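For reference, the structure is listed below as structure tokens.
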């Protein structure tokens, strides 16, 4: 049993805490949150210690590892502290909104043998992972083109959008990682297009975009196309398609149930898509905990690394620059 | 070019006339109808002779074959006449509503070398035929169970229902033939269930049923299940499923187009089903003409024979007796 | 927290024990099994008491309710004992293979206010339940016809088949309950057809069938068609279709993941079906525990009652008699 | 009956000739081809005049209109001649590979009241047209994003590729028109990415690409993403997806038949896609003839105009420049 403490028990941290508590090979070692009532509630509900401080967590002999689910701005600091304390880390994405800060953190923790895993949970979705497997086992031959459709069911609150770091660093970041996961080789060029169609006023205010397309290219010419929207009224649309020299693999959406309805007005109507990420990727979040436990217990490199987090941020920065400058941006320009 | 005359140019006969005219290896030799205005209109529209009588058609040296699409009560007589005149026949189903009459006709035409083909058009549907092929080529192994879903989009007019001969002889007759086509061996036992749910008053008046289930069994134990409804408000539902020792083959419905719609209220809604049989089986009706031409020109046994028409009627009579008597009826009891 | 003890920790009992342990509103109060090593292993793994006897379980003040997952032959006795001890019961299906024994049990426990719930788990499948809801909320109008496809992925071992009570009491029993659940009114007539196609030798030896079709009819004429096979090589096929006056609702199969593959040889191939019932109905088994907790804690009638278990067995007996006698059997004949 | 002569009876011209002959409101007035044997064969098979020259066609009083299906290099000349002769025109795409030549032609025919229709056949596909209709009737609200997947089943012969004008002018040209058709407003910016993955040697030799992605943007920010491959081994992949503020409409692929197969190795495998464009768009090609007849007979503007052909070529030129220069290209730069 790996004893994991959770730092930050907002919506996502709380879900992680419950997943750890329910996992057969993990135990919840306790929680901490700067907002005391949240930490108290979760600690009482799950019957685990409510630590007084991060330092207390890191000093505890009953804590084998930490899961960082605090606000983004604190991630890099906490990673550095946990490494110093010798605790393996599972950190929610992104590492930081600033690539400079991420690079500084990378320098500081360079050489640590501790497993540090990034929370790009979609890699653990059974469908998306099956696409990757269809490439690795040769089913679809050499990969040529990837199409990632990733649309949120609705615009987040303005207050969230304003501090999100922009759509590329906040939302597309998951798709950048998915593209890298499926492509299996590094992206060298980024071309992005951004529009303000869902909430033009808010987007103008934030100098942000709500509808974007990004085309990523690798040195060998493999292409990955990402299309994002901040609002697909029909639900959380999460698809991955890979075209190879020998075939195509598609990971399709998941629905609330397997009902199909036909009436005088229509036929074969499906049930709603699973909304939102906590439901859609519930299996994946649970599998992510298992992968972290495996990495720590077996001393393996985690399936998603700190460097994966850094590379996704490089793509986000390149995409933003591409939109601003109306040109293809090489990743070497921003790395 | 096989020159085919069409006897009877109501809705179905007219469609056949157009299909013959459009067929690359057939020519429309003329039409005849006891209702003169209909024959006149079709002959003028398609630019072909309007024969004065059946005898004139059968006596014509410019007519190589006849397609019989007159009212059911005349089919057997016309078959006998056409055989006497030496003309190959493509006859719309059913041969007659009375098995005794069909048997008498069979006796009368026994030994004729002329191709006589029955119009069980669904055998020529590409999907249904692909199910049969998946059995013949071994893809799904030994056949165990067939499920035929066959539902009309709406109840026919009362005037039609009253003289239809009942649901088994009028509507299920197609499914009996489809079951025999897919099963590939003769049915020995029939068990049927009838309900009055769509229009109970009309059904009671006609002593008929609008919702029926029939289970057919062969000597080796293969089962075919037919479910019929006189009204599926979502459209003309035509599916065939075959379960074998090595797999399952399903022929699914066809829709007006390949649109899929998602909105806030639903996802993945399909376009309406093709209504009604003339549209749904348009390709099959055209292929049926081709199969008839092949049979005549190459001197082959037609893919659907007079005996196939007789066997389907035997199943209809057995089904009706099964509902009436609440028991399994052997086909040998009614044949 | 409802403290539930599990009697019998074979494959199914063990799964129930784990589900109870994981349920947020239930606690596993302990286990018992006549095969001591099984009980020991589960009790140690889940950290709960390993009771020495059924009597010890029923006498314990730390046990609020019992889940009966022992061998079928013991169910009725244990129900009677638990009722005598005042413990609410969740009992795996079937109550007994003998309707006489079930009726005797019913008489003995008549009038008990204790919640007694039967484990017809499929009612808790989100897709199947959505079909029922589409009827209850009027979406598909008045119900006319139900089609239940229920096929096992492979024949059970001969040793199991020989003592199973026959396909109707062992396998179709689930579909009889599903038919009653969807129909929403009692079945009055049963017509069944049985074949020996998957393993004719074993079926002949057991005087049993491996491929069956059952047609159930209610007093108002609603029809439910069940088709079963002991072996569908493509996997555990579990579908429910309901045709009503205003539409059709279909609960489709569930697959291992949402991958779709296309290659030179084929297109749009789906991932395998979930095999077998423990995986396919994992969500439903968990929901079943929740429904039982609700019934006990809120003093409600359980969603599946002892009488539901008895009615399903009546349908099984009627189906067997129908096959043997080649006729429609009224449920009043066997009840 | 509109009497249409076909100029050029290679593979596509011949298909058009047959469609015209079969159309209820059109008649095939004759054919012409510089390769005499081809014209002779078609004229004899369809029983229509074999004209000696283009001039003879244009001078004939029995020719109401012409369909131009000759080699691309002759299109502009023939359009000019036909306009001079007062004949309405249905011209295969593209008008010319050179935008300068197209512009010159436009100048020359400016002001003609004759209907000139371009053969962008995909607009007449029932599925793609239904996507457009779902936008026009408000079903999916304001349009935000279009995704066009367009992949050929296999690389054309090298000899064809070498004179094709490059993938953008030869293949993507159809998708540029589809994007404009779905977008409903002009594209202002083009960003394209090209790779050599299917046949790198041939692509290098021709300085061409076989795998491309193009992102088109309108002044209001609507985006259209096109992804092309010269070889999808699973078949001719033709999909159109439109995301709007109120929903999503998808026009899916069409298959040879509606069979779905399941075996021990897989489930729900579909029949092959329709290959190639002549089969996939057979309905659309027939509808295109009807639309041309309507335009001529009713004096309406054709649904696809010369200007539509010109605009698609502008997008092709912009896309090529975008790939070459690694930047977003404004359509105003190339127009």
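Letters are used for the chains, namely A, B, C and D, taken in the order the chains are written, and counting of residues starts over at 1 for each.
Keep in mind that, in the parts below, a contact is a pair of C-beta atoms (placed from the backbone, for glycine too) under 8 Å apart; a residue touches a chain by one contact, two chains touch by 3 or more.
Computed from a prediction, not measured in an experiment: that's the story for all the values here.
Interface comparison, C-D versus B-C: the pair with the greater number of contacting C-beta pairs is B-C.
Among the remaining chains, D is positioned farthest from subunit C, on the basis of C-alpha centroids. If you average the CA atoms of subunit C and of subunit D, the two centres end up 57 Å from each other.
Centre-to-centre separation between subunit B and subunit C, using Cα means, comes to 41 Å. Subunit D has residues 233-234, 246-248, 253, 261-264, 271 in contact with two or more other chains. Residue ranges of subunit A in contact with subunit C, taken from their complex: 22, 126-127, 129-131, 134, 139-140, 246-254, 256-264, 271. Across the interface of their complex, subunit C is touched by residues 233-235, 253, 255, 261-264, 266-273 of subunit D. Put simply, subunit A touches subunit D in their complex at residues 141-142, 144-145, 147, 149, 151, 189, 191, 193, 195-198, 211, 213, 215, 217, 220-223, 225, 227, 229, 231-234, 237, 243, 245-248, 326-328.
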